[in-house]
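You will see two complexes here that share chain A, one where it goes with chain B and one where it goes with chain C.
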Partner chain A sequence: MAKDVKPTRKNLMAIEDRIELSERGHDTLEQKRDGLIMEFMDILDQAQDVRSDMADDYETAQRKIDMARAMEGDVAVRGAAAALKEHPEITTQSKNIMGVVVPQIESSKVKKSLDERGYGLLGSSARIDEAADAYEELLESVILAAEVETAMKKMLEEIETTKRRVNALEFTLLPQLYENQEYIEQKLEEQEREEIFRLKKIKAKKEEEEAKEEAEAEAAAAAAAVEEPEAAD
Partner chain B sequence: MSAAGSSNPEFVVARVRARRGQLYGDEEYRKLVRMTPAEIARFMEESSYETEVNALGSRHGGVDLIEYALNANLAKQFEGILDWSEGSLYDLIARYLRKFDAWNVKTVIRGVYTGASQEAIEVDLIRAGEFDDRRIRRLLEADSIEAVVEALEDTIYGEPLRAAYAEFEESDVLVPLENAVDRAFYERLLENLPGGEPIRQYEAFLKAEVDFRNATNALRLARSGAEIDPAEYFIEGGELFTRDTLARLARNVDELVEYIAESQYADELGPALRELEEVDSLIAFEHATDAALLAYGDRLGTIHPVSVTPVISYILAKERETENIRAIARGKEAGLSADEIESELVIT
Partner chain C sequence: MSQEIAVVGSPEFTTGFRLAGVRKFENVPDDEKDERLDDAVERTLEDETTGIIVMHDADLDHLSRGTRERVEGSIEPVLVTLGAGGAGSGGLRDQIKRAIGIDLMEEDD
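Let's turn to the complex of A and B:
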């Protein structure tokens, strides 16, 4: 990997910038991951309560409708259900938990009063009222559970994504950048050492040549001095 | 056969006594609560329900077969009683059995309202009332609520339904129509009763039924906290409440409970009222009113042996048998224990 990088000072500076940015990103993502986990734990507690309530409500509702079907007859229960006009409605909005968009479900027309259920009061019984009450409560629990569990699922997905990013930075990108940085630094140091060595060599050679030239000059000067008196003679 | 002619209680009571002997007793109930739904159907097939179980066996199965066979047998028995009865006896019996006409009218209205098929509506009818096949056919052929109201024009439900139809059209909710049908039934229950001691006994029973219905509805309203005028749900004819008393008491559960606990029904309903304070449910109260009515019915059967009262007593016992067998079968289907089912049965 590191060999793909050109060991230049410019690249080293770019890598150092990327390391700084990645370290900052890593810290931020780690904080986000920890925050999400804390939020998730709160939602998990809430989800466990909601699920347990929903299981209880389901059991109660099932028991009430079984009793209503047993005592009033299946036909009477189906008839009372058929009289319902206004069906429950839900609307979804969204809210933001640490950057995660989770749904917020608003329900309407779930809980109904006696005169809103459609069946006549004079010819029906309290068993049917109680079964209807229990199912209305169950429906509210289901809607709440849908909201909380969807939020939990989205948080979990976001935690996974953030964790993957943190791990990618921590175990892949940063080590790779450090390796590249080290490689370039080593290469640059090596180049520097070579340069120094080369300069020293040049300098030595130059000095040697200068010394040689000087010696030659001195020799030439000495030879000239010997020749001049002879000519005068 | 009809309200014309002289009354024939001797003839009817003799036949009713024979039929009463075929009703299930404690021993049969003890066996039934330990059977599976399939075994219950088999047990019924080997008793007085044979014809209905065999006739319906190819169309229904499981607990549905039991319920439809029970309803069909109930209808056959009561239709027979009306066929045998003549004169004032017919009128006295028919006024109680009209509750099944009210049931059928409500079933047809609900079916038309939800767009159910004619066959689906027909299977849920209990032909134990006064309506003949022609009337039932007209009701089943009605393709709108207005057509149902028109088909009932010449019955006791015609006028009240016509009046409630405008409210239904405005709100598109069945409550006014269903209440009009039930009110028409209850208000004619005690209308123009002839004199005589047996009739007085019968009247006392009908008044108790109206009182219990008023008390149950008042408790339902009081506990629901809904913004409903309780006087709208008052049924005339009982002795326990007047319209004003009911309107006042239905706004406060405690006062209402105290009022019923101090009434003439204190012995029958007292324990259930105490339970009402402990458990947040009206079921025990309804159970107590059912048991009290059945006890009244049993007494009716013994005081005046040749009158309308033994016939009414049989009708109540037969209804109770139907409800008990259905409760056992449905309870078994839902996985309730034998003890739980037994606690729901009303047997005297």
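Let's turn to the complex of A and C:
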């Protein structure tokens, strides 16, 4: 509220400083938001490619496991799945995109050779191996999608935060500061006008009093001049 | 710290991933998803050794609102859904609409 501010020159200077700082911050944040959106667009293109590849891999993997189930039976597939010894692992490192820390996921033991799978060469069939291969491919796509989608989520959070800050400056803080500045300027101008008016009034009164005193002095002098000849007679 | 991949869904969905070596999984049969899927997802979310959660996109409809919001917004572990085509999970799409102001994934529908 503008009326909560004391209309003093010191406050006006402080508000002008805050306006300058807020305007500079607003411009910087706007640039940051635009930069983040541009970076996000690049990641989005990449994410859409990754998603599309992952959908293809999922379809292939499903087809292969359905085939394995049909040919070998569900029990054999589940048995092979339960025999796996090597497990895929992921490690996360981070990189910085315009101040946003996004992960870089590295995976190990996703692709395995036949002897690493643990269910043995005799205990399984080519169909199960093909399904396992297809799911290993799918896992690689999933890991890539996780990396890209985490980056997207983090970028979106930062974009939302920056956007909220820009909007708060643009629609709340700056209008309030402008309103306060205008209020103080108007009040100071009003005070200045009042001061000028008051000075004029004082000056006029003083001049009036001087004129009155002068008139009285002249009248007194004239009266004295009239009395003097009478006394001489 | 190395983490693992977890799969949550019906036994038919998880078996394939187990063939690829995934050992963290929560099997929830289709007819029990409304009652048990929430707990399975919450358990997986609380496991610090899980880095990625894989689910079928259609299974998200069986989750309660709170759990769905939590899993969709989670960064560690991050959720990857399958079966949604090129549009990604619903949560991500909504977040894009909210942050950018337009639906950038519209063309994929």
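What we mean here is this: the second predicted complex is superposed on the first by the 214 of 233 C-alpha atoms of A that agree within 3 Å, B and C clash if a C-alpha of one lies under 4 Å from a C-alpha of the other, contacts with A are read in each partner's own complex, and residues count from 1 in each chain.
Everything that follows uses one rule, which is that contacts are C-beta pairs under 8 Å (C-beta built on N, C-alpha and C of every residue); 3 or more make two chains touch, one makes a residue touch a chain.
All of these numbers come straight from a predicted model, not from anything done at the bench.
With chain A as the common reference for superposition, the partners chain B and chain C occupy compatible, non-clashing space. Once chain A of one complex is fitted onto chain A of the other, the partner contacts of A:Ala82 extend to both chain B and chain C. Of the two partners chain B and chain C, it is C that touches the larger number of chain A residues.
In the superposition on chain A, contact is made by A:Met67 with chain B only, not with chain C. When both complexes are overlaid on chain A, the residue A:Gln48 reaches chain C alone and has no touch with chain B. Of the two partner chains, chain C is the only one that A:Glu149 touches; chain B does not reach it.
In the overlay built on the shared chain, the residue A:Ser113 is in contact with chain B alone; chain C does not reach it. Taking the C-alpha centre of chain A as the vertex, the lines to the centres of chain B and chain C open to an angle of 20 degrees, rounded to the nearest 10.
In the superposition on chain A, A:Ala220 makes contact with neither chain B nor chain C. In the overlay built on the shared chain, the residue A:Ala211 is in contact with neither chain B nor chain C.
For the pair chain B and chain C, the minimum alpha-carbon spacing after aligning on chain A is 10 Å.
Shared interface residues of chain A (contacting chain B in one complex, chain C in the other): 62, 78, 82.
If you check the complex, the residues on chain A that touch chain B are 62-63, 66-67, 69-71, 73-75, 78-79, 82-83, 85, 113-116, 118-123, 125-127, 129-130. Of all residues in chain C, those touching chain A in their complex are 1-5, 11, 15-23, 51-52, 54, 73, 75-76, 78, 80, 82-83, 85-89, 92, 95-96, 98-100, 104-105, 108. Those residues of chain B whose C-beta lies close enough to touch chain A in the complex are 63-64, 67, 71, 102-103, 106-107, 110-111, 113-114, 116, 124, 172-175, 177-179, 181-183, 185-186, 213, 216-217, 219-221, 224-228, 233, 235, 281-283, 285-286, 323, 326-327, 329-331, 333-334, 336, 341, 344. Those residues of chain A whose C-beta lies close enough to touch chain C in the complex are 37, 40, 44, 47-48, 51-52, 54-55, 58, 61-62, 65, 77-78, 80-82, 84, 86-92, 105, 108-110, 112, 117, 128, 131-132, 134-136, 138-139, 142-143, 145-146, 149-150, 152-154, 156-157, 159-160, 163.
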